[in-house]
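Consider the two complexes below, in which subunit A is the common component and subunit B and subunit C are the respective partners.
Right, the complex of A and B next:
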């Protein structure tokens, strides 16, 4: 555990939903994250992938304590932050920052770029005003924006430039860990590559660790050292990304990877597709056994009854009854 | 035989901040039974081109020039002599055109949009919405509509079709809604289906289902499809004829092989180099080469080539003059000075 910057154990996050019946006492809950464990090593990029509704964003947000977990444990830098109060979290959050999905919604339109980027420094009382301004200039340079952008407002910028501002803000307090919550999915294709390359360079230069949450499997493969595939609030497979992409083991990972279209006409026509039938079940009543059993092509009787435990197979974690 | 021919189309929006020109001289043809892919980033004009053709432009949007021929019949022929914009005339032209299209849209041309939730009426049942077109164009009775709707829903792979007809859109999942949009568009057996980013809002496993469905239906019914998308993977698996748009203009046009293996335009090249792929043979970890900069502001489009500010090969002439469309083969054409025979000869001389 010593070399893990972030470690989560059996993490659970349930959200209550309102019952339709006014006098009903029964409480329904959405099982957004249902017992996930993993660790992120220092300097590593862990990609967290899955389809919408699988709980990847909730898991990411709970891991950095934007949400209070329902169960399980979270350790950051060896410190238990599972039930830390907001006051106790302040010094922790200095080391862990977030880049959000939507660069249009995550920047305050009434603040200048300079104010936005220096806000984390003001919150954590770092430096004098002059030092903060100097740092902002330095950060603008790091993320490829011009020094005179400091007095402008977010509405004057394009999506890609706004995301650069979001990244500069995350870097302002010199964090060691950044949670990237779908940082590129709102951007154009030609801009996505710019941001991904920049995130990679920053990681090497500043020795950062990323938890990279995304649904674009191709981009995740590109940036991640390890990937963790989620389905219906559960982790189904987790391992070194090259190995998982070349030899997926879990039936869901196989189907998911085969569904990604390849940008090459000849290769894509040779591609063997495993078409999944149906859709993701509701996380309010997840299936009793394996969460994937309703759509799995190789299910057996046990899959419908017993939830498969996470097993270590060839250096990866897999939750499937097919593997002894 | 061409289903749709569009020639020299120009559209503009009249906004508070001046005139925006999202479509600047676009021409293309769609052959019977082919799948045409229109690729471009947001703001490249790909959707506005189709909206202009379909007469679905917003209130402040006008077609300024162009000729549209559908199935041999010329629907629009507008060639103003001067560049000056006479809004009143254009308003009349637009109203006439839209009236004309009322008999074609939804009957001979079907449309699927990106976000099915915003295009389905939340207050009406699925069955009611599906029947509207049938009643209007084919004067079917309620019972006939119902039978046809059930048949269509089963065709697009929706189970429990009868029950679905009486449900409302919010009761269905995203993939299911998109299937209903497709069923609705195909209900009248159109000759042309326009799909504007049909799978962008969907997950990959559902996307694979929908693309497979569109492909098999296209073969079964024999219609043409125009697929508008920004995803090169989707284009590679679906289209045989591809148009690359940028800054309101067609940059390169060709067959799938031309575009993916013999791309000549620097923008196409840049796009292909900036996408990551999951494929094991093509290498998942190859270095991405992004295109620097960002797309041009269409309120003040650059004087020369639209791509000049981001192009790594830009020459003096690119800034001053708009490049001509150079034909490279029967299927392949490219709007770039580097493909011009004289420039190529000069480059060879050194």
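Right, the complex of A and C next:
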């Protein structure tokens, strides 16, 4: 607990939905994140996986206080930042940075690469102009770009190069924690490997901690020490990455992992896939009991009525009634 | 590299039957400078350089810009060179036609029409540019702020814009001139006050879309202040539409001023704008039509030039018309 760089407890984030009826007073909310707790140890990579719309990006963004949480607590470096004001957050934001999903949208098209990378240093008033420029050159070198790229504009770069710029920007203020919000999903497969390897190298070199949000399961397995599986705004299973992959316990994790394609047709034919029926329930009206009860293969009566608490089983957290 | 390929073809045609066998000695190694995959060959151009390049290709817009530049120079330096002044009355030379002495003739009080048209140009173009500039500043800040804050504040601020928009320009002018008297300043103020609303709407719509972009979120994540995000991220990215709207506002303002002066709400005598000149000349239009012709021609030509420039800018700033 003391060694956790980021600790979230029972975090909730609801988004209000506009009602179609003009005069109706009832307010509907999307339960994007509905009571998730975990801690990230210093120097660790925590992978956050789940299908589209399960709230993993929202969770990541709320955890770094880009969004204001609806409930729960967030501690960063032991400091409660749940309700910190924007002014109080400025020194915290220096230590936690974000790498965004879409490298085409996350760079201001009217600023040069040099301006983009030095922007965090200017905001936090670090160094003189000359020192900032020197640091930008250093960072360009670290992420594998050329020194003369400094005067160019984002539109002159490819997706992979832009993502490198995004990484350089995140590293500019020497953060200790980086939230990677699907940093590779917008890139080509060949570029994905380059970026992942670079992120790993940087972690070792700079002693970083990552919260790695992704839906590419094999990539997450490769980079993460531990992974958390989310479903419909809830955490269903969280444990050491290899163990979760080789022995998934929660029925949802089993189904999710069986959906990972295997690059071998013979083994694919032999493999028994767990196919889920039905659709994800609407996060506006989540099921009363276990969030997964509508699609689970082994549901019992209790699943429909009581939401399973998170239990510690064999060194991992799991939320399922099957495990006493 | 290319020259090698050519020699192969030449050799082939010379020797007709003998096919050329491509052997390793025909190939040459790339030197290391050409091996760099990440090298960007095209020279780097900023957004404004790019727009200027496209603008230069637009003949009509370049013609408008050139014409306007010459026109402005004549307006500035012409009266200095001319022996006549705009308010020098010469009762022995009333209503003379154009001659070498008086290029555009004289008016009913014997004043030189050429100098008066140039003086009128100073007033008219000043009104046009200054009110467009005021309009740009007020509209950009107001619209940008409304959109950036969003929510209820945005709703209230934009309803105020609707109110401003719905009141006719004439009403502002009459009210302002009644309170402050009729002068150059009041005309500029009246035009600026009545026209910033559309600028505010355009800026607001731009900022609303940009606000949802990921780079704005990235700036928030870095801890940037609201002012910084608004100026450096939101307004900087809407600079194209803002410049275009501001440029097209200049001719509108010139025309509004001409109209206001024509109906008698413009600048006070003996100062003259194109509008007052036209209005004065109207009473003797059947006898001395040239007195009306010159100021009206000045209005028309400058309006054409400004509109061409505005059109050229709007296509230069439009990324979908990239060539």
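Brief remarks follow.
Criterion: the second predicted complex is superposed on the first by the 324 of 324 C-alpha atoms of A that agree within 3 Å, B and C clash if a C-alpha of one lies under 4 Å from a C-alpha of the other, contacts with A are read in each partner's own complex, and residues count from 1 in each chain.
Keep this in mind: a contact is a pair of C-beta atoms (placed from the backbone, for glycine too) under 8 Å apart; a residue touches a chain by one contact, two chains touch by 3 or more.
Everything numeric here is computed off the predicted structure, so don't read it as measured data.
Annotation: superposed three-chain arrangement on subunit A; subunit B versus subunit C shows no clash, the two fitting side by side. Once the two complexes are overlaid on the shared chain, A:52 sits against subunit B while remaining clear of subunit C.
When both complexes are overlaid on chain A, the residue A:161 reaches subunit B and subunit C alike. In the superposed model, A:118 makes contact with neither subunit B nor subunit C. Of the two partner chains, subunit B is the only one touched by A:275; subunit C is not.
When both complexes are overlaid on chain A, the residue A:62 reaches neither subunit B nor subunit C. Within the superposed three-chain arrangement, the count of touched residues of subunit A is higher for B, of the candidates subunit B and subunit C. Within the superposed three-chain model, A:253 lies out of touch with both subunit B and subunit C [touch as defined at top]. By the touch criterion defined above, A:89 reaches subunit C but does not reach subunit B.
Between subunit B and subunit C the least C-alpha distance in the superposed model amounts to 5 Å.
Within subunit A, the residues touching subunit B in one complex and subunit C in the other are 161.
Residues of subunit B that touch subunit A in their complex: 41-42, 173, 175-176, 203-209, 211-212, 230-237, 256-257, 260, 270-272, 274-282, 284-285, 287-292, 294-295. Listed in rising order, the residues of subunit A touching subunit B in the complex are 51-52, 158, 160-161, 188-194, 196-197, 215-219, 221-222, 241-242, 245-246, 255-265, 267-269, 271, 273, 275-276, 279. Of all the residues in subunit C, the ones that touch subunit A in their complex are 38, 40, 42, 44, 46-47, 213-215, 217-225, 228, 232-233, 236-237, 239. Partner subunit C is touched in their complex by these residues of subunit A: 64, 66, 89-90, 93-94, 97-98, 100-102, 105-111, 119-120, 123-124, 145-146, 149, 151-153, 156-157, 161, 166, 169.
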